[in-house]
Structure formats: C-alpha cells, structure tokens
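Two complexes are shown next, each including chain A; its partner changes from chain B in the first to chain C in the second.
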Partner chain A sequence: MDMDLTLSSSSPSDFLASVAPGFPEFFLLALGSLVFLGGTFRQDRPLWGWISFFGLVTALALALRPIFHSPMEGNAYHGPLVYDGLSQTLRLLTFLCGAGLVLMGWEEGDSTHIAERNGLILFATAGASLCVAANDLATLFLSLELVSIPTYLILFLTRGDKFGRESTLKYFLLSIFSSAMMLFGFSYLYGITGSLQIPEILAILSQSSLNPVPEAVPTARLVGLVMVVAGLGFKVTAVPFHFYAPDVYQGTSHFGASVLSTLPKIAGFAALARLTGLTFETNGGVFLPFESQSSYLFWILASVTMTLGNVIALWQTNLRRLFAYSGIAHAGYMLVALSVGKEVGATGALAALVVYLWAYVAMTLGVFAIFIYLDKKGKHVEKVEHLNGLAKTDPVAGGIMVVLLMSLIGLPLTAGFIGKLALVQCALRRGLESAITEAHPNSELRLFFGLSIMILVNAAIAGWYYLRMIGALYLRKGKDTHPSNRPVAALVTGFVCVVVTVAVGILPGLVTRGIGEVPWHGIKSKAGMANPMDKSPMEKPPGH
Partner chain B sequence: MKEALLALIAIPLFGALLTVFTARHCRNRARTIALTATIMTLAISVWLVAVDFCGWGGQPGSYAGETRFLILGTGGPVDPLRGISFHIGLDGISLGMIFLTGFLFPAALFLTGKASPLNDWGFLAWFQALQGLTFGAFLSLDLVLFYLFFELTLIPLYFMVGGWGGGLRIEAATKLFLYGLTGSLFTLGGIVGVSLALGGMDKGCDFSIPRLVLVAQDRGKPMEASMERVAKAKSEMEKTMSDREKDAARARFDEAEHDLFQKRKVEAQWFNWQTTLFLMLMAGLAVKIPIIPVHFWQPLAYREAPIALTVVLSAALAKLGLFGVVRIVLPLLPDASVRLATPVLGTLATIGILYGGLAALGTSNLRSMLAFSSISHLGFCLLGLVSLNETGLTGGVLQMINHGITTGGLWLLALILLERFPSLEIHTFSGMGKRFKAMGVVAVLLVLSSVGLPGLNNFVGEALSLLGMFAQGGEGRQLAVLATLGLILGAWYMLNFLLRTFYGDERIPATVQGRIPTDLTGCEKMVFTSILALCFLLGLYPQPALKRISADTHLVARELGEARRRQMGNPIPENIGSMVLTHGSPKSGTNQPSAPQTQKGGAR
Partner chain C sequence: MMEVIDFPPGLTHYLSLGALLFVLGLVGFLSRRNMILMFLNAELMIQGVALNFVAFARHRGNLEGQGFVLFLLAVAACEAAIALALILVLYRTQHSLDVSVWQNLREEGLDPTLDEEPLPLGPLEEKSPVLTPAGIGPQQPEETSHV
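Presenting the complex of A and B:
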C-alpha cells in the first residue's frame, strides 16, 4: 500500500478518502487472515464455512451502501480505486460469486485444509473485487496477483493427486509468465506516458495532438497494448492464450475449475474494459487512435476465440474439458464488446459486456455447483454420459441443469439470450452507424456485420454440444444410483444461479445500473452527429 | 377482448403448470386438466372469430385487443414506448391462425385414446405449454416477443419428440432443435438489424412491428417534402435582398439541402441493407415452414414425433414461419421482398411443391406421405404470399387456414388409425371402406378437399394463390404453371392412397390388442364432422373469410405495390383475381396505382 500512497495522491487524508470505498474488500482481507490464523487451531467445516459465508454477505451488504461508492465526476483521477458503475456491479457479482464458491465447497474436498481454502476464497474474491475498481497500473497488478496466488493454492488444495499437481504447476508457471508479459506491457505504457494512472495514460496515448509525436510512440504504444492484452488474455482465456485451460480444468477438481472459470475472468474483463477506455464517459474521438488499434486487435481475438472454443468443444467428452472450451467460447463473445468499444457513442458495449459477464458467471458457477452436488451424492460425473437419465433420478438437479444449459445455448428468457442479443446489437450498431456517418470506410460495416454473424453462427455450433447434454439428462436412460448423502449447499448454489440467470434474462437493467442502459434503450448521441433516421414519424399512434 | 387474448396465452401455460404440480401421478387428472385448458382456448378462439365476424372487434386494418407493457426494460428514465415490450393484438391475418391453434390442439388431445402413452403428465404439460407459446407467437406485435415465442416453441417440441417419439426419436429431436436453433439465430440477427435500421439508433431501438411498418412505408416515400423545402429555400435565397436576411436564407437552404442529402443517403443505405436483412430474417422462418433446402428435419420429425404432436406440428406450427413472412418480412422489407421474394422464394416454393409431390408419391407409409404432402401444400401457401399482390396474399393466408384444416384432418385420421392399428404402412390396408363406412366417407372428403376439388376449401386458396402468382407476370407466370403440375401430383398420390386403402379387396390388419377394430366412435364423428363442415363452409362461401383477411393483406399489398413501382417503374399488374375479391374488399377499387413510371425503364 505504500507504493500506492506515493504514486497517487498528495496528502494522506486524500488518499484515505479515496480508498475508503474499498472498505468491504479490506474487511474481506482481514477476515481471510483471521480464518487462516484460526485454521491452525481448528479445522471445522461448518465453522469456517459460516464465517466465510457471512463475511461475504456482510461485504455484499456493505458494498450496497452508498457511502462505499465514491463520487465520480468525469474522468479525473481520484485515487487508486474508482467506484463507478462498472466496479459497483462487478463488485456485487464478485461477492456473490465468492459466496457461491464457499457454498459449493461446503462439503467438497478433504477437511484437513478447510479453513485455508475458505480463507483463500476470501482473498481471491477481495482481489477480484479490487481489480474491477483498480484505477492505476500498480493497483491493477497487485489485485490481479491477489487473485492468482490464492488460486494456485486452491488448485493444489482441492486435488492433491498426480493430475492435480500437474495442472497446478502448469497453471502456476503459465500464470507467472503471463504476469510478466503484462508487466512488460505496463513498463511500455509507463515509459511512453510517465504515469501509472489509467485515465492519464489513455488520455496521453490517444492524443493525436501530442505535438510533435515522437516517431517511436505509435510502435511502442502498440507493443505495450499487445503485451498487456496478452497478459490479461491469459486470465480471460482468449485464444491463443487459452491453451492451459482445458488441461488445467481437466486435471483439477470441479471446485478448482469453478474458481478458475469465474474470478480471474471477472477481474480480467474488468481490467480490459478499463484499459481500453470503455468506462470513460467522454467520447468524440479523444481516444480514437488508440481505440481503433485496440478495436481491430480485439476483433481478431474475439472471432478466433469464439470459433476455436466452440468448434473444439464439439469433440469433448470430459465435462470439465468441455466447459473449459465453452468458457473460451464465451470469453470470445465478451471480447466482441471490447472490440466494438466506444465508437457506438456511449455505454452500449460496456452494458453488453457486463450483462454477459453476469450471465456467464451465473451459468458456469451453477453448472459446476450441480457437478459437485452430483459428485458428492455418489454419482461420479466426469463425462457427458455420466449425466444420462439424471432428470429421472434427480428431477431438481436435472431441472436446474437444463435451465442453465438453455441459458448457455442462448434461449429466450435467460441471461444468455439477453447477453447475446446485446452483443449482436452492439456489433451491428457499430457497423451500421459507421456506414451512415461515413466516419470510417465501408469496410467497417463489413467487419462488424461479419462479427455479429460470427456470434450467431457460433451460438448455433454451441447449441450442438449443449443440446447433447440436455439429451443425456432427459432423453437417455442411466443407472440409478442410491444417494449416499445430500449436499444441500451445492444444490442451493445451483438454484441461486438459476434465479440470477432468469432475473438477468428478464430485467437486465438490474445489473447495468450506473453504466448506462442496455443497448436497446438508447445511447447518448455523439456531439454533432444528427441521426437522420430519427426524423421518421415514430410517434404516430400505431395501427391506423 | 384484451383479456381474451391474454387468456389465450395464459390458460395453456397455467394448465401446464397445474399438470406438473398436481397431476404427476394421476393420468386421468392430467388428461382432464389438459382437455379442460385446451377446450377453454377453443371456446375463446371461436368466440374471437364470432366477435370479429359480427363486427364487434377492431377496425379492419388495425389490431383488436391491443395490450402493451414494457418488459425486459431498465430502471432508467427511458422513453416508455421503446425497448422490448409485451405487445399483443389480433388482426385478420392472425385470426385464422388463432382459430387453427385453438381448434387443433384440443382435437388432437380429444382423439388420443385414454390408454395412449401420450396421456403422460409430462407430455400433456409440454403440449399445453406449446399451445400457449404458439398463441403468443401469432399474437405478438413486437419483434423480440415474436422471436421469443417462436424460439421457445423448440423446447417443448424437443422434449416431446425426444421423450415420446418413435424409434429414431433422439435423432429426430436433435435435428429438429438444431435446425430450428440455427435458423432462428439468423432471424434474431435480422430482427436486430431491422430494428436498428428502421427504429433509429440514437434514441434506442424500437421493436414494435406496427410502428416499424409505418417507418418502412415512410422510408419508401419519395422525398417530395424535403425536395420542396430545398426549392423553397433556394427561391427565398434568390429573392431576399438585405445581407442579414440573405445569410439566414442561405443557412436555411444549407440546412434543407443537408437534410435532403442525409435522407437520400439513408435511403440508399437502407436499400442496400434490405437484401441482407431479408435473407437473415428468412433463415429461421424458412426452417420452420419448411422450404426446400432446409427441410431435412421435417420428414424425420413428422414421422418420429408422437402422432398427436405431428397433428399440431404440421397444422399449426408450420404456419408460424409463413405467418412471420407476411407479418414481418414483407411489410418491413418491401424493396427486398419485391426484388427477392418471387425469384428466390417463389422458385423454392415451386420446387418444394413438385419435390413434395414426387416424394409423397414414392413413399409407402401414410405418415411420410402426409409429411411430404405438407411440404407440397405449404409451397402453395408460400407461393401465394410471395406473389405480393392482394389476390395472392389473401389466397396464401386463406390457404394457410385451409391447409391447417384439411391436412390437420388427415393427420387426425392417421391418429385414429394409429389408435386402432400398430403401423401406418399403406400396403397393409385394403378395402377398409366396406367395414368402416363413416371413416371412408371422412377419408374421401378430406382427400378430395386436399386435392383441391372445387367446392371444397383448398380449391379457393390454391386458385387464388396461383392467380396471384400468374398476375405477377414474367417468371411468376412460369412458376404458376409449374406449380399447377403439383396439383396433378397431389391428386395422384392422394387418390392412390385412397384407392389402395379404402377400396379393393378387404384386408384389414389386426389391432394392437388383436381385437376387431371399430368404425368411428361418437367423439370422433363429432370432431370430423366439424372439420368437414369447415371444409365445405370455406369452399362454398369463402367471402366473409376473404373479406376479413384482405382487409389486412390489402395494406401489405399496397406497400409492396409502391415498392415495386419505385423499383421497376411499372404499375401493379392488373388484379386478375380481384373479381373474386370485389365483394370482399371495398377498398380494392380505390387503390389502383395512379402514375407509375419513375425512371429505370428496364422493366417489362
């Protein structure tokens, strides 16, 4: 924290005022340490489970209180943490996700390190939550490490056999490597701009009026961008930084996979959104030069990521491997929002990203919760065919699973549908708008139209492998196993995930508060861009 | 009225829930609930038809019982009229579809015997849910709402085909779902594109179909007002003397010219996008109908689905796609429709008519034959719709109802045969007419209706569709001639079926239980009598129905006529078929094109 102090604000009281909104996270860190300490005296599942769970609920309740939001005026730098709409909604998501992880792990794994594991979840949750609010590079890096380091340990604790060790080591090495790449990128950004504060960096990077522009700046800017995206791409499993995910997911337990597929992705996407200037309110071309570079970069990443993820997922039979590829594909969809960027006018793309992130986390967490539930019930689920006939033997788990799978396919009334609708709309909007305003060559229309088509084609491909699972659940016959016990906590997690999925699917406005409306509710028009399409007689009474 | 429409959607969905929660272990109770719910919807839809024909409903050309409230909204202060809304209403085009849905679902359940495995609570719950969703899709006046119902119908279909179907049920269900999903995802893209392009981008998206239709009509209008404004500003600029006035006038002129320029640009862009959007929107609808290159799921699904489901799948759900064409594609994308509908969809429909006919001729199973004949008959509906004039559109919509009644009746016949016999291989039956007199009469009349005998319902719809296509001239004529061959094929396979099964030496296979099969029972007679009554009613006195339909198709046809005039520079072709409609449509005389030719003399 010392480092932040020297970097950000002039006086200590200013600094304190600026980090005060982060109190829920600091509370979680303190509680995590306490749990760690307590673990040396006692390893008690219910005790540490309840403490961690209530800690997370308290943090959630605290985060909802307005005094823990910081006032935001424009893009000025207020301190290392910024609590704008994006951090508010993703913070809630992170806490919910952490609470879900605690619940899912209630009866999972061996009991010898249960306190440590709960403490680590608290740490990782706090880290992800700090990351979504990080407003300078140092805080960003520290909070990302605060997600990664507990994750290594969780991976190790949750499955200590040969495969578990192998996958932990793999994740550990590659994660360190990606952090190094990211730091390398940060050093470029710092070198060009002389600042660690994200708003300032973006402002300087994008200024075409940097007069005279030193010849090296565009190249250096690009190198920095690519390196940072590579580092964060590892966290969000963007192709080609995805290659660890299937092996690691398969090698670890359901619990380890559920941690890996949620917290680092929330943190990574929030960081990407901030670093590409998606959260900024200003527009009108300030960030344009930087943006168009990043836009095309993300275009390529998004299209390759979703296509590869979905196509390879078609061949998978191992459930965790399948969900690793499915997670890669969903990351590809979310990268579309980053590619669309700011040029559509305001916050449409950001809202789409947030809705999809909520949807993704709820769906994935719910699916893994059901896997854990089945596992503990004595029905070992590793492969798709292990799900056969589940709807008959366990209608509740089957019902939860089928709703989540429908959402993953993207059928209406679920969050998955709304997320895809928002993303398709963003992409099409950018394409069509650039064609009308002719601010860009017509190729932009083709690019972004193509991107939206790619989302749709990919959603259709994904339908295939998710449907195979629905078919296994409902249409095929399986062996009836006698349940040994009933891990209610995991089932409850699954149910809450279904509730969140459906709620976001019907009222997406719930999670986009403060970051602008979902795309179909309109965007602020760019200054000076009168849209002629508005002059149509829209306000006539219909029908006559 | 409003409540009736809401009830149509709510009652079946409520019935499904009731079945799930109260009748899981009692087959009789489940059946009672399902029958009660579906018969209630039948009563409501009959009431709606009655109200409409007595003139108590809405005005022709508007929507009756409109309900609208915002769903999928945000908490923010947004224009309450925009966004995705739950917006439903009834008009002449959807009225017939509502009646079909309300009639065939209870009929299929009613005729399914008490001992049938389909009286499972799961099947009945899905069946009712499917009916609610189908009603919803036919009533939707919001693009996303339509899509939502349209897509959600896949879920009950998947579970019903996969859970209660024949030997290849899982394959059939998977194929059905994946074809439907892939197609409708493109439709989703098309819907978003249409709403962005027509509904404006700055204020947010509009998905309301009636308002988007207004915009589409307006978009097509020549920009006379803007041009006038420019001319006025120009003359003013030349007139005015003092410097300050001159500046102001120049500013006005610049503004007017900019406005005109923008409008031209928007129109040019809009014109270009329409083709793409047309293809995207059609993708999902084409799969649902199905038209020819994307029909591969259909024969398998119709054959493997539980027979009660096949009845509604063919008679009601196939109409969802056609309904989408006439409700969404034609009015929202008039220019692309004029350019693409006849050459592309018309050709595909004609190929479908011939292919379906030939394939039906080659099959030996009654279910396969009816499946292929459905492709053929739905081709006639589509052919009518894509002829883009009032005659054809009206004929197409009427033919949708006729197909629902006649083919629905034939499927119901297949259903009661399956109640009696283990299989529907045509060669196992012979000379049934001697023993089963009532069944024979029903079969003969339904087959005659299906082949288009004058005096029965299909004749009217097919004739109007073909007339409409013929009236279009050019390739339309060739297609109409080719499609007429389909009628001959239809007569061939249908009469062949009749001849082989109900005439000739008596050879009746044993029943499932080895009992001697019976002729039609009282309930069955009741259902088939009402079907045959409808066939005769629509065949002998179709004017009220035509009048009701054309009140709404007329508006679509007018818009399309304008689009055609814009593009081709030639007038709407003389309405050959309008003599059939002259009683019906009081407006048809007043809307003949006035001054056609604009530019581009390249037309015929």
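Presenting the complex of A and C:
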C-alpha cells in the first residue's frame, strides 16, 4: 500500500458506486422515517407491524441480490462500505434479527408509541447492518451511533416505570462515556496513520511494526488499541465494561433486553473484527497491525469475561439478570476468536466468530421471544420459578425453550455446540502453530491450550444454571393452566430461532460462506510433527 | 511592554490540550453526580477528541480528520437533545438531579450506596394552570330549522 497521504482523488460517481451496495440499509432508513411520520397520524399495531416486517423482508431480499453485495472493481478497499464475506453473512443476521424483533414486539408493551418503536427498530437494524460493512472510522462511528441512539429511545419507550427509567439512564450515560473512549482511540489511530480507511490504517500499522519508527508511535498505537477496545467492549459487554448490563437488562422489559443483547453485540463484534485485522486479506504473510499486543489483550478479556459471567450467573434468580450474565459469558467465548487473531495463519478465527455470533443471536432472541410469549399482563415472567411446569402447561413453548437452552449449554446438533467446538479448535491451532513456528514456543502453547480448557470448564459451569431452568420446565409443578390469547407472533419467532439454531448446528457452512472454513481438521503437520490434535476435547458434551 | 511571544504551537501542544480536556471530562464524569454535569463532562471528553482530530488533520495535511469532526459535532448535538429530554423526565419523577437517587436496580443482597451529603431536592413542580383544551367548541344544542 502506498503511503499517499493526500486526499483520495475519487470522483463523485466513484463514491456513489461505492455506497450503492448499501441500498437496502438506506431503504430501511427511509422506511423508518416514514413510519415515524405516520405515527403522528395513527398508532395502529398491525399496520406498522406489517409495514416494518415487510420492509425488513424486502431489505433481506435486496441484500441477497448480487448487485447489492458484489465488491466494486478496484473500489473494494476505498469506499466507505465494504461487502466481503463477513458483511454479507452478518447483514443477513442483522435483518433476520430485526424482523424477529418486530415479530416479538407484535403484541408486547403499550400501544401508544408503537409506530415509533417499530421505526426505531428499523433504524437500529440499518445501523447494525451498516456497521458490519463499515470500512472507515467515520462510517463505523456513525453506524454505531445509529444503533445506540434508537436503543436509548427503545429502552425508554418499552417500560415507563421507575425501573425502566433507571435502566435508560444507566445505559445512556455509560454509552456516551464509552463512545468518547472509542473516539479517543480513533483519533490516535488516525493520527499515526493519517487515514480514516481501516485497511490503510492496518496496513501502515503493520509496516511500522517492521521498520524503524518514531519513538512515540508504539505508545500511541497502544493507546489507540486500548481505548478502541474499551469503547467497543462496552457494546459487547466484555468484563471490565459489563457493569451496566445486569442492571439495565433487569430494569427494562423483555423486549428492551432482547434489543440490547443482539444488535449492539453484532455491531460491536463486527467492528472489533475489522479493527483488529481479522478480515484483512494478506498474501500469506504475517500480519501484525498491533504486534501481538491485541492478542494478549483479548486473551485477558476473554478469560475474565467468560469466567466472571458464568460464575456470577450461578447466583441469579431474575431471568433477565441471569441472561445478562449469560450474554456476558457468551461474549467472552467470542472474544477468544479475536484473541486467536490472524497472526500465525490461524485462518478459522473469523469463521468461528461468525458461527458463534449467529448461534448467540438465535439462541438469545428465541429465549426472549418465549419470555414475551409467556408474559401476561398482571403475571410477569421474572423469576426462574415462573417457568415451572411449562413443558406440561404449554408443550410447544416448553419444547422450543428446551432446544434453545440445550444450545446455550452447548449440546451437539445445536449451533451452541458447533460454535464452541470451532472456538476450541481455533485456540488449539493457534497454540500448536505458534509452538512450531515461533522462537519461544512454550509460553504461547500454554496460553492458548489454557484458553481452550477454560472454554470447556466454563461450558460446564454454565450447564448448571441452564439445566436448572430445564429442570424447572420439566420436573417442577406449575400453577397455572394453559392460558389463552398469548401472542402467537412471539411463538413463531421462537420457532424460527430454533430452526436457525439447529440449521447452523448441523450445517455451519451455511453462514460462513465467503469467509473461509472453520478448520475442522487438525493443522497440517509442519516440521515433521505428527498431528497431535483431534477433536477429542469436545467429543463428550460439556455441561454435566 | 509585554514581549510578543513568537511561539507557534505545535502538534504536541494541541494533543496535550486534547488529552487534558479528555481526562478532565473523564474525571468529572466519574466524580460528579449531577446528571447534567455528568453529561456535560462526557461532552468535554468528546471535545478533547475533536481537538485531537483537527490537530492531526493539520499535521497530516489532509482533511479527513476535519470531516470526522463535523460528524462528531452533529452526533454530539443529537445526544445532547436526548440527554436533556431524558434528564427532564427523570427530574420530574424524583425532583432531584442526583444520580444516586436511581439505585433501585442492583445485585441482590447488596445495600444501596448511602450518600452522606445528598444534593438538595429541587422545588416541587408547581401545578401549572390548566386551560380548557383548545379546539373543542362548547356544546351547543343542535340547530334545527323548521322551514
């Protein structure tokens, strides 16, 4: 990459060509504005529900057409949006997630602001979808804000009592605080490299790690890295930045919690993957934009996040608080992929991250959809014991819940299992490959073997609280009989989530098209070393 | 007669000022408990970032950083609008701008943080006089014509 630091000489038509693939998102933004405008005339649940739902389905159909995701000739790395494998698969996930949110909220909450709420979901979906394709820091920042700002309003609208207000306040203040941290990191990355384009920044950073550089650059690069990870760590609830999650989830409605646990996390993980260079193509060379600092940073974050999330979740009785900690733990698993990184040719990390992200979003959305389905005016589903005997009183909802919980535990044939398997494989590969190729093999080997063992131990810890819920569904006696007039739309959402969970669990290749395969086989033995790694660590399902 | 200081401020000075603003905002955000001041401190952090971007843009000789700052200011304005609306609603429910009033959500079995010197409560809102709703005409007997 040349170090041309003048303004890029792209003409307006080039610019138009490079943003044209974002048409589905722009369509959603326009539709969201229309829904907002219409809301001043009518507040009609079915009307705005159908419009938003069909808008999202249309956007999904548009996104599948090759014209809206084919990379531009010669433009792929210079436009504000890039449509590679990562953005395509996560874009589909985002649109599906948005459609699921609209369906879940069909009969949920009060009707006074239903048009606004649906419009805000459209905005937030478009924001998350732009964020997974963002190719420069400005687009990334704006699309992250396009997720955050509607989320504040959804949190406020979805629950009007003092708990809802407190959770809105906590989320809002900490969110702008974390945005400011992320922006400070952005300013240093821009300052070191003189560019806002993410590929260019990463390329210059990797060059400067090889050549002699001014003394201040490594420090400034470290400041940039830490600040950006801190800001995005808030979005994905990585551990030192997770404090808001349990309170906010508990204080808001099931619907608000389901928005918070899906869209910002998709956006945050996509942004982290792009900024650490996971998506960046190298010609077989070693690619080190942040030397190995980012790898160790994510190693610490991942191990602390998953352990703390799972251990604290053991004590929880409030369902949303429990799922906040469960979400923190799952974020910890996904951070493993970022820790494995791309340094020693461990190509599967991105695929593993994407599989796990699909799994996580499907499982969490499905669980919250069932909570909304069960939640009735006057009798809320707040505690684990409210699920007692569900398998008898409502076998369909109970069955959906069991499959989702099994996936959350990580039992085979579900997406949760395949995601964890992929992450463990990546960590083991990283450890082995660095043991073969590097000068100080043992420390890396120990680090990453330790990380994969930590995933397994954590899956076992998590099994306890998920199994407690399965126990409540099947072994306890429920009080109420099957009540009528529950929202069918939420049940449908839960069912679709089960379908996605099982489909990804059986055919993970469906969602990793274009970003490389998860390395299911062991590493190619280099230096005459026999393949010491098979799939044995995950042969028996964890969680018992 | 004061000596005119011929001292062109360089990148380091701008960056130091930017970092100073950022850190002041950070410390203020973490130590204040008045909601409006917390929000203003977060804005101060963002202004420090903006200064960084402009200084780097000048140093690098391209305009990308300047462009970024324009977006930054626009988003900060959006957030200010939401912040003020939210804080107003919160003030109306509790008559206080103190964040430590909002402690209903916390880990089970954990006591709320006690404030030794709580912020004084604001005055209770006076009931504003209620006007007759505009646009509704007084009820009149239907006009009937007997032609």
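Operating definition for what follows: the second predicted complex is superposed on the first by the 481 of 544 C-alpha atoms of A that agree within 3 Å, B and C clash if a C-alpha of one lies under 4 Å from a C-alpha of the other, contacts with A are read in each partner's own complex, and residues count from 1 in each chain.
The rule is short, and it goes like this: contacts are C-beta pairs under 8 Å (C-beta built on N, C-alpha and C of every residue); 3 or more make two chains touch, one makes a residue touch a chain.
Just so we're clear, the structure is a prediction, and the values are computed from it rather than from any experiment.
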Discussion item. Is A:Ala460 touching anything from chain B or chain C once the two structures are fitted on A? First, second, both or neither.
Written reply: first
### Message
For A:Ala138, using the defined touch cut-off, is the partner it touches chain B, chain C, both, or neither? Pick first, second, both or neither.
### Response
second
Item to complete: For A:Tyr474, select first, second, both or neither according to whether it touches chain B, chain C, the two together, or no partner.
Response: first
**Asked** Taking the superposition as given, does A:Ser258 touch the first partner, chain B, the second, chain C, both, or neither?
**Response** neither
Q. Touching A:Ser295, do we find chain B (first), chain C (second), both, or neither?
A. neither
In this superposition, the partner of chain A with more touched residues, chain B or chain C, is B
Exercise. So, A:Thr317: does it touch chain B (first), chain C (second), both, or neither?
Worked result: second
Chain A residues contacting chain B in one complex and chain C in the other none
Note: in the complex, chain C contacts chain A through residues 15, 18, 22, 25-26, 29, 35, 38-39, 42, 45-46, 48-49, 52-53, 55-56, 59-65, 67-68, 71-72, 75, 78-79, 82-83, 86, 89-90, 93, 99, 102-108
Residue set of chain B touching chain A in the complex reads 59, 61-63, 66, 71-76, 78-79, 81-84, 89, 141, 144, 147-148, 151-152, 154-155, 158-159, 162-163, 169-170, 173-174, 177-178, 181-182, 185-186, 188-189, 192-193, 195-208, 210-211, 214-215, 218-219, 259, 262-263, 265-266, 269, 273, 276
Interface with chain C, chain A side, in the complex: residues 5-7, 137-138, 141-142, 145, 149, 152-153, 156, 162-163, 165-170, 172-173, 176-177, 179-181, 183-184, 186-188, 190-191, 194-196, 246-248, 250-251, 315-318
The residues of chain A that touch chain B in their complex are 345, 406, 409-413, 418, 420-421, 424-425, 428-429, 432-433, 435-436, 449, 452-453, 456-457, 459-460, 463-464, 467-468, 470-471, 474-476, 506-510, 512-513, 517-523, 525, 530-540, 542-544
